[in-house]
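One chain, chain A, appears in both complexes that follow, with chain B as partner in the first and chain C in the second.
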Partner chain A sequence: MQMKRWIRPWLFIAPALLSITLLKYYPIAQAFFMSLHEYDLVHPPGRFVGFGNYKSLLDIGFFWTSWRNTFVYLVLTLVLAFIPPIIQAVFLNEIKRFGRLFRSIYILPVVIPLSVTVILWKWIWHPDYGLANMITRYVGLGTHSWLNDLHLAKFALIFPGFLGGGIAVFIYLAAIQGIPEEIFEAATLDGAGKWRQLLRITLPNISFVIAIQLIFTVIGVLQILDLPFQMTHGGPVNSTSSVALGIYEYAEKNMDYGAATASSFMLMFVILLITVVQLLLSKEDTN
Partner chain B sequence: MRAVFKRIVSGNKMFTAVAYVLTAVWCALLLVPLLFLFSSSMKDDLQIYEAPPKFLPSPPKSIGIVLDYTQVAAQGEAALKEALWQDSTLALYSTVYEINKSGVFQVDFYGTVGDRVIYKSSSGKSDLQMNMTYLIYDKAQVNRANLLEKYKQSVDQVGYRFDPQGLSASFDRSRLGDNELSGQIGDYLTDKYKVEGVYKGSIVRESYWFALKNFAGYWKLPKVLFAKDEMIARFSFLWFGANTLLVIAFAIAAQVTIDSLAAFALSRLFGRRMAKLLLLYILAATMIPFVAYMIPMYVMFQRWGLSDSYWGMLVPHLTAAGFFVYLYKGFFDKLPGELFEAARVDGASEMRVYFSILMRLSQPVTAVVAITTMLGVWNDFFWPFLIVKKAELWPLNVALYNLSLNANIKQNFLMGMAALSLIPLLIVVTVFSDNLRKGMVFSGIKG
Partner chain C sequence: MKKWLGSTLVLATAASMLAACGGNNSNSGAASPSESGSAAASPSAKASAPASSVELTLWANTKDESEFDKSLRNEFMALHPNIKLNVIDKSGDTNTEYAIAYAAGVAPDVIDISGPMFKKYIQKGYFAPLDDFIASWPEKDKHTDVFKEIGIKDGTTYGLVTFLGPMMFGYNKALFSQANLQPPKTWDEMIADAVKLTDRSKNQYGYSMLANDWLDWFFQFYVWQAGGDLTTVKDDGTIELQFTSPAVVKALELYKDLKWKDQVVQSDITLDFNGMVQEFATGKSAMMIFAPDWVPMVASLGMKVEDLGIIPMPVGPSGQPVTSTGVALTAITGNISKEKQQAAWEWIAYRYGRDAITKKLQDQEKKGIVPPQIMIYKDMKQSDIVTLDPAWEEALNEGVSTGRDEYEGKAVLTKYVVAAVQKVLVDKNADIKAELQKQQDLAQKEAVDKYNADVLAGK
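Right after this comes the complex of A and B.
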């Protein structure tokens, strides 16, 4: 009986602990182990090379290209796709009529699977039959080959995010609606108009949520994989390849599991570093 | 003047006006790509390659072809039927391929004896193309000899109505031959394809309804491409959807059970210090990004023999999600202690407490967990893509992607299949929009 009491809590938590250990901690430890070897699938683990995989990665041009691309994705996302949901939420909060309709439309991007988005946007960007060139020609910006253009491809990949919508809008909206009504009432009594309230009350009050969203966006973009994989497979000439896509390519194309895991370890390190820095910064900010 | 302008621009009414205009414009922008998707799926394989693209394609046409069999009927019913089968096959396919003009979505074939219509068969263009490329003719050249080689299969596939006494089907005799295509059709039918019946003329009708004929073809495509996989051959897209649903159901069940059990132990059964330590162990795992361990996990799953099976897709969803454990724990922590005391006095076991008190009370949390899990699985692509290669296992996302790689599939088919897979979603969104939103906002704290 005494023994049983002691063991019971562990029975309840066992599935969680086991699954996390087996399906998260073990694979990540395995990743580190593999990255130290010239990994051989048939006779694992193969020759031990220490940090040799890491060192040789730094000498590959593709490795640096994929990092540069990933940071360009980050900048493009922050400029193009991060801000629209904030603006959309601020104005959606003001809307009384047709609110349900607008909200339903803003939800759509959440439920449209990526494969559909890719099929659709690949066609929109198509140089001959696509919508994009039809519009740019009409407004006098000329025609481009978009996804086949070394310089425009990354822009074309991220641009759909500019249309906004999605989860972010509703997170911001909930944050705005969570601001106590009295603050706005007091401001109105003081003669502050809505524009002023937006700048002085709404935005400062949701700045914490914006900071959190920023961290998640950065973490998400650093891992960007599905989008470049489906849209362009990293082309043309690796101009859209990301770090995560590189990991897949080392493993799948070159069968170089050592390089793949070494790269994934570096990526994880950078992500953790940026997360910690951002958390510290946002903490300092709120203080 | 300037002051007045400034007051208007900076006024509250202006703010409201800007809010409405901007929201409306942005919503419209969001809808434009979707409308383009649906309009593209309503085009045929020629209209889709028109440059510049048109949002509203010219109205789809159906071409009716009338051949007369008064002479053949004299040779007896068997010969008549044979002639009709052959001629209808020749007429349907030849029209799709000879009239190389966009906007033909349907071809109808009428066999007559005098005033009576004795035979009718009708098919959409996309259906006929499907038969031509995949189902029956295997990309053979369209000519008389090739078409007649397998006309029986085609007749079975297309279907027909035949009654020597006359059918109820009719066509507008006054418009027979009253179109620019009629002469051309007569020429190739009699000279090139040498039909037995006597060409009486053709009728061209225009209606946007014919565009819906396309969807019959889109629906058929997966069935045709994966004819060897019994389930896909039977259920087409629905099968991929069912695969996704299976993973969603499994993931939700796994997350709700595993996470809440762990949270219960952390909240009520462990000592404070131990609970803190274990929670840290669980939460720290959420910091590990998927891309960092996807390769070793892939290798591991292959070694365990889980690749190319449902388990390969399902097992990763057993991983307890730190955020959900945290959510449940936060909820359990807030429940009054008396609730548990009372249960304990009554002699209820921990299992009873968990099921009859905790799970019943924590329904709001469970709803959040379920919705978040559902959306996560719904958008999951890379892992199922890596782990299952067999078509019958593909979830919708992977299926659509793999189909989009097939160079034989015309773009209108791709757009059509994408549109088809969106339709159930659009219904879900309009019906459950509020619930979805609430669940999402919660999950958004996680990201």
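Right after this comes the complex of A and C.
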């Protein structure tokens, strides 16, 4: 008996749909439920407090510091770390000899675990014998405390991204290589130089990929946890704490699961809002 | 296509969000016990052993625990054929993971919990009462009374003290000997020694100051030695902040001097506890506050045990020696069957029986690393069983007599103390009193009022 045509696609997506519902959306719903309670692990769910956990968070200075830091991370990332992979991909595309070698060099950092990168950069930023101070001293900029400096610590955490590399370069490179060669040839015949080709052909043709990358970058940075956790534990004086690090601390250190989940939902709401705005702008731009 | 992509991204955003919401080691704790002499360790074991077969789930850091710890479980099972110990490998902070495991119904049946965490958990009702087991335990009168109150709530005992370790002061004997210095007995001597032992050209400094996680736990010692405390407890159990008291100011002045005036501490204050221990073990740092059960840790990082000096904490302006005593308690998870609870008690009595403790010490001596420790039985003395560095033993004994519990309210006050101290450590122009006042005001508004309300409400 032939299976009804409309059933087939549902059967294919059913396992994934079921998994996502059970492992993603159910925990999200459960977390929202927790956020409305003074959650008691022994006698769940504990006392219902409505949006009391949300309100309490708004009264805590640390909560606002974390949000401020998180947005500074976002700005620093967009300014320092978002553009370099695009530039690197453009140049990598131009390199014909040793192209594979350079692509390998760029992909290599991706396979290095974050913990290793953290150890390396902690050494680079070390106030006494770090490479960063050797360089700044050499160029006459003096020495700095970097991670120990309230004003430089966030910069020091994000700066490694300025060096580019990583998977983003390859996403852009693949997009650039997907642009038909004929377009560049026609532009060359019409007298367009490399700079004009970049602005008029390359960037417009990969703008969709850039928009996607931008969305994922924003989502990723707003959830930043691993870097401040491993590099500075959120210090000094909370200058590198982030919203996600705060969530971790509410849950793991204070065992205040109500506050942790409430903070998670606030973060989710902000990310959703920003993502929707980005998508609307992107759509408007495309139109 | 765009619409589909948009929806997907929004959903992906939502789905990925809660990732951010996500202990001492349960069965590899400092004091481990018994073996074949189980009859001596737990005379009631066989008489009261569960009739049917019982499986107990335990957590253990199997990677780091000694062969002795592993063999102990096998010997217990051989002596108690109806009790099977099912070990789940667990590294990291089992103290905090326990709560989550409890909620998920996968908590171990027996758990070792640090004293501060036990205070939180006992309020939550995670543990089974131990009174009936203790009543028939032959060791009940000889078991230590130190900090036993942590394991008691409303007259019922929920935790048995199974580890005691006073905080002491460690120094690198080799560095002191090279510089022809004597270990410090006072703050002034500590500063003087630290200055002489600081040589930045050799990447060597005098004193390791923990300025990261756990900062306040180390800072509290200096506050006490200055003659005060970070909080005081009123008769009704509520707390009053003392951040701006002379003792706290004095302690923070010491920190400020060590960092800025004498410049004898590590220049990277983001150095965490593990990094700090590593720098001490590798001879980069000459002194640090030291717990006796860290001896194996520094040895594993390359420090020769004979180079490790352990002395009482240098005395501060109060002239009174004072330190804290690290404590761990062992408990039985409350939501398991009575039969399992009985089996769990058999395991506890066996593991922390004097026979097991003796054999563990002998095993450590054979390996050349015997951390000084307070025995959990009143009539037991470590140096009667193994050879112990006399200076270590003296420091241990002084630690026992001068040890106290951490400052009250630490659980909710850590971040405020940390912020004030760190501010002084990163800004040499910071006004100590102003920073302490600022954090005191914040702590009062954000944490203490609720803490006190909970205390009064009996939560």
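Definition applied: the second predicted complex is superposed on the first by the 269 of 287 C-alpha atoms of A that agree within 3 Å, B and C clash if a C-alpha of one lies under 4 Å from a C-alpha of the other, contacts with A are read in each partner's own complex, and residues count from 1 in each chain.
Quick note on the criterion: a contact is a pair of C-beta atoms (placed from the backbone, for glycine too) under 8 Å apart; a residue touches a chain by one contact, two chains touch by 3 or more.
On a predicted model such as this, the values are computed, not experimentally measured, just so you know.
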item: Side-by-side fit of chain B and chain C on chain A, or clash; value: clash
item: Partner chain(s) touched by A:Phe62 [first = chain B, second = chain C, both, neither]; value: second
item: Partner chain(s) touched by A:Phe102 [first = chain B, second = chain C, both, neither]; value: first
item: Broader residue contact with chain A after superposition on the shared chain, chain B or chain C; value: B
item: Which superposed partner A:Asn133 touches (first chain B, second chain C, both, neither); value: first
item: Partner chain in contact with A:Val116 - chain B first, chain C second, else both or neither; value: first
item: Touching partner for A:Leu189 - first (chain B), second (chain C), both, neither; value: neither
item: Which of chain B and chain C A:Ala251 touches, first, second, both or neither; value: both
item: Touched partner set for A:Thr275, first chain B, second chain C, both or neither; value: both
item: Steric overlap of chain B with chain C in the superposed model, located at which of 97-105, 151-159 or 295-303; value: 295-303
item: Intersection of chain A interface sets (partners chain B, chain C); value: 20, 24-25, 27-28, 31, 41, 122, 128-129, 215, 219, 223, 225, 244, 247-248, 251, 257, 260-261, 264, 267-268, 271-272, 275
item: Residues of chain A defined as touching chain C within the complex; value: 20, 24-25, 27-28, 31, 40-44, 59-62, 122, 126-129, 145, 147-150, 215, 219, 223, 225, 231-233, 235-238, 244, 247-248, 251-255, 257, 260-261, 264, 267-268, 271-272, 275-276, 279, 283, 286
item: Footprint of chain A on chain C - complex, ascending; value: 2, 6, 9-10, 13-22, 93, 96, 99-100, 102-103, 120, 124-126, 200, 203, 211-213, 267-270, 272, 411-412, 414-415, 418-419, 422-423, 425-427, 442, 445-446
item: Interface residues, chain A side, partner chain B - complex; value: 8-10, 12-13, 15-17, 19-20, 23-28, 30-31, 34, 41, 84, 87-88, 90-92, 94-95, 100-116, 118-124, 128-131, 133-134, 137, 160, 163-165, 167-168, 170-171, 173-174, 193-195, 198, 212-213, 215-216, 219-220, 222-223, 225-226, 229-230, 243-244, 247-248, 251, 257, 260-261, 264-265, 267-268, 271-272, 275
item: Residue ranges of chain B touching chain A (in the complex, touch as defined); value: 10-12, 14-16, 18-20, 22-24, 26-27, 29-34, 36-37, 40, 48-53, 257-259, 261-262, 264-266, 269-270, 278, 281-282, 285, 287-300, 315-316, 318-320, 325, 350, 354, 375, 378-379, 381-382, 396-398, 400-401, 404, 411, 414-415, 418, 421-422, 425-426, 428-430, 433, 436-437, 440-441, 443-445, 447
